[in-house]
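Letters A, B, C and D mark the chains in the order given here, with residues in each chain numbered from 1 onward.
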Amino acid sequence: MSSKYKSLKEKVYKANMDLVKKGLVIYTFGNVSQIDRENNVIAIKPSGVDYDILKPDDIVLIDLKGNPVDTSLRSSSDTKTHLKLYNKFTDIGAVVHTHSKYATAFAQAKLSIKCLGTTHADYFYGDVPCTDIISDEMLAKDYEEETGSLIVDTFKKNNIDYHSVKACLVACHGPFTWGADAEEAVFISDVLEEIAEQNYITHTLNPAIESIKLTLMNKHYFRKHGKDAYYGQEI
Amino acid sequence: MSSKYKSLKEKVYKANMDLVKKGLVIYTFGNVSQIDRENNVIAIKPSGVDYDILKPDDIVLIDLKGNPVDTSLRSSSDTKTHLKLYNKFTDIGAVVHTHSKYATAFAQAKLSIKCLGTTHADYFYGDVPCTDIISDEMLAKDYEEETGSLIVDTFKKNNIDYHSVKACLVACHGPFTWGADAEEAVFISDVLEEIAEQNYITHTLNPAIESIKLTLMNKHYFRKHGKDAYYGQEI
Amino acid sequence: MSSKYKSLKEKVYKANMDLVKKGLVIYTFGNVSQIDRENNVIAIKPSGVDYDILKPDDIVLIDLKGNPVDTSLRSSSDTKTHLKLYNKFTDIGAVVHTHSKYATAFAQAKLSIKCLGTTHADYFYGDVPCTDIISDEMLAKDYEEETGSLIVDTFKKNNIDYHSVKACLVACHGPFTWGADAEEAVFISDVLEEIAEQNYITHTLNPAIESIKLTLMNKHYFRKHGKDAYYGQEI
Amino acid sequence: MSSKYKSLKEKVYKANMDLVKKGLVIYTFGNVSQIDRENNVIAIKPSGVDYDILKPDDIVLIDLKGNPVDTSLRSSSDTKTHLKLYNKFTDIGAVVHTHSKYATAFAQAKLSIKCLGTTHADYFYGDVPCTDIISDEMLAKDYEEETGSLIVDTFKKNNIDYHSVKACLVACHGPFTWGADAEEAVFISDVLEEIAEQNYITHTLNPAIESIKLTLMNKHYFRKHGKDAYYGQEI
């Protein structure tokens, strides 16, 4: 069976390695998964395996309940967070978690990343939210699954569309991002870190700074997204 | 006809790639153009094409109204900002736009980059201004063209000579620079980012810091520019 | 006799070189040692030898009192700090000292590194403490030995278990870390610097930030350590 | 005659290139010179020549008054600052000027670099001073020569020994360093930048921080310098 998912495993392997190349993770501080929605099979990084020795074949295949499909390695310790996101954000194709410096610092500072400029608005329609701190009740249950619920609830509570803001900061923890596939989800992680750093510098220069006005945000976001987009090449 | 502009396209291609090498852009976050003033033909980066796969032949040729000259790719989404600058700053030869970290943060903080030292004064005669936030009236018109007007108006309103300050921050957006050719405009973008970072560190160390005195600015700027310059080699 | 310790010297050589590769030291700003507890022989970097020219055979062998075992090079000027740690933290296998940027800055600011997030809690069970400033009485005695005592006393005074917090900041100086072997101690130095930088960014964004709650710290630390750990692969 | 100074030119060439490799200068933002005290001949970088195309033979030879000895290229625009230092600091062998980020920011903030830790005390015996802003009277005279005088006067006025503090920040400008030869002066520039960055981070974490106490500074400085030094290998 593993040959059937060879391409999926290779994509997830490559995306995990890209996290290292882009400087978003050191050691084992991150993980990428991608789902095959037709077969409900998810490929995800194994837990605690160094990127130096990770091979495409080490990528773990599981189903939507976390049961192993064909491998003997244990999946990422954050697996249940990924599963919750696949179950609730029903049309996303991939999830990425990192501890990238600036995005993690915003999560630690319990601050959402405000939309301070067009670099942000080009990719995220509005602030990237930060969840509440996980409650002791949630901690006493299944920690990783509850972390996924925190993200989902934050989006629901604040009426944020997960299609137009593909990232969330988990308070005291770090960023999760998603996308159509592993490549896009890694791209979003990378852009998020860039935006977080620019936001940090801006905030230090001018602590009173507020989000840009909606009209400018609309202009930039919809220049790149939706039916009236005119950025890029026609395909 | 494309052979006629082969050299122009190659220069613009190389300058776009230099933005990546110098760390001024990631992904597609920037663009360079250069004009052939004799024929009023502009070579500019195509919209949304990754630097990884960009080739010299992909560079788009347009006229001063933005009409295509010889290519089927769509030009940069910021094309009309470039055109406005070529039309109003009548002897510049190239335009660069980036989202480089520190210069963008100043633009997001709506702060001009004050002249805090001789590194700045060696290249810019005075502060690098930041525009006002684009008005909703301007947003409702042609956004990219109005962005160019914002820059031109900022220089006019503040009596800044675009020959001695070859850069402007667009509020909530990022830096634009220009020069005699694409190589110089990229150089100015790079120096601007260096100066912005030094300014940021200085500002954090001493928030009350003010611009250097005019006599020192004159000394450094005119050591390198104008008829009494004595920096560099005689040619 | 040196052939008996060839492997030990090579491990210590490699760990010293890794400090440079990871960007934790420049020039001679650091040192690594590892102990053979069976024979009470310690391999340590020679004093003031550039990493450029350091060879495995230059690594110095000494006993627990600092007496040379087989070499003519002088051991690191910080040798007695290492010895004190081996003598008091009786089951550690290696010690690392660096002047890495962010950890050193916390030491200079005389601030412990608070546990602000799960990245920290994954590796350190609680704050990484900063010692008091060394007293003039201690300075008048054996400086390097007293530096070791400062570390040991800080852990004792604050009831910190050196098995679960494998790092200490020496006030006005910089970080020391330890571990089972040189590889782990270097890993801890690297993670410490990453965490210190994230802490710095967080602190700048939100100066009022406090350590995360104990329940969350417990969850993350014991997810990776101890008998109930479920991170990584079963061996 | 040039063959006589071939080795001197090569050392100065190499030291200039090292500034680029170490990330202390971009473009032409720096210069190194070294003096042959026996013949009073100084080798110095030519003015405004890009490091990309600089060759050992381009290094300019001048005497202590700045007169050319054997070359047709114009020497660095900062030549007279170097000459002043060679004339007044009578046993230094080399001078380096950079616009390295953090040291320049301190100069722009008009702040000396306080001795906040042992990394600093290992190389500089006390604060690295920042000069006053150059007066209009001095600017009206020979600017570069007066810049040298500012440095010399700052050391005299504050009773600083240029043998134990081999660096000075020129207000609104940037750092100058010196040493026995070009290699040491470049080393000091590099250590100065590292220390300036650590100082900046420390200052941001704890703005009330003060210099370390004299007893600790003495311990570290004299561990590495003077007749009682015990750092490094006996030669």
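The rule is short, and it goes like this: a residue touches a chain if its C-beta (ideal position, glycine included) is under 8 Å from a C-beta of that chain, and two chains touch if they have at least 3 such contacts.
Computed from a predicted model, the values in this text were never measured in an experiment.
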Shared chain contacts [subunit B and subunit D, defined touch]: none
Inter-copy rotation, subunit A to subunit C, in degrees (Cα atoms; steps of 5): 90
Chain whose Cα centroid lies at the greatest distance from that of subunit C: B
Copies subunit A and subunit B touch via same or different residues, half shared test: different
Chain centre separation (subunit A, subunit B; CA means) in Å: 33
Centre distance in Å when subunit B and subunit C are each reduced to the mean of their C-alpha atoms: 47
Residue numbers of subunit C (touch at least two other chains): 204
Touch-based graph of the chains, sorted into line, ring, star, complete or other: ring
Interchain contacts, given as pairs of chains that touch: A-B, A-C, B-D, C-D
Complex interface listing, subunit C residues touching subunit A: 116-119, 187, 190-191, 194, 197-199, 201-202, 204-206, 209, 212-213, 215-216, 219, 223, 230-234
Residues of subunit C defined as touching subunit D within the complex: 26-27, 29, 46-49, 73-74, 77, 99, 101-102, 104-111, 133-134, 136, 139, 143, 172-174, 200, 203-204
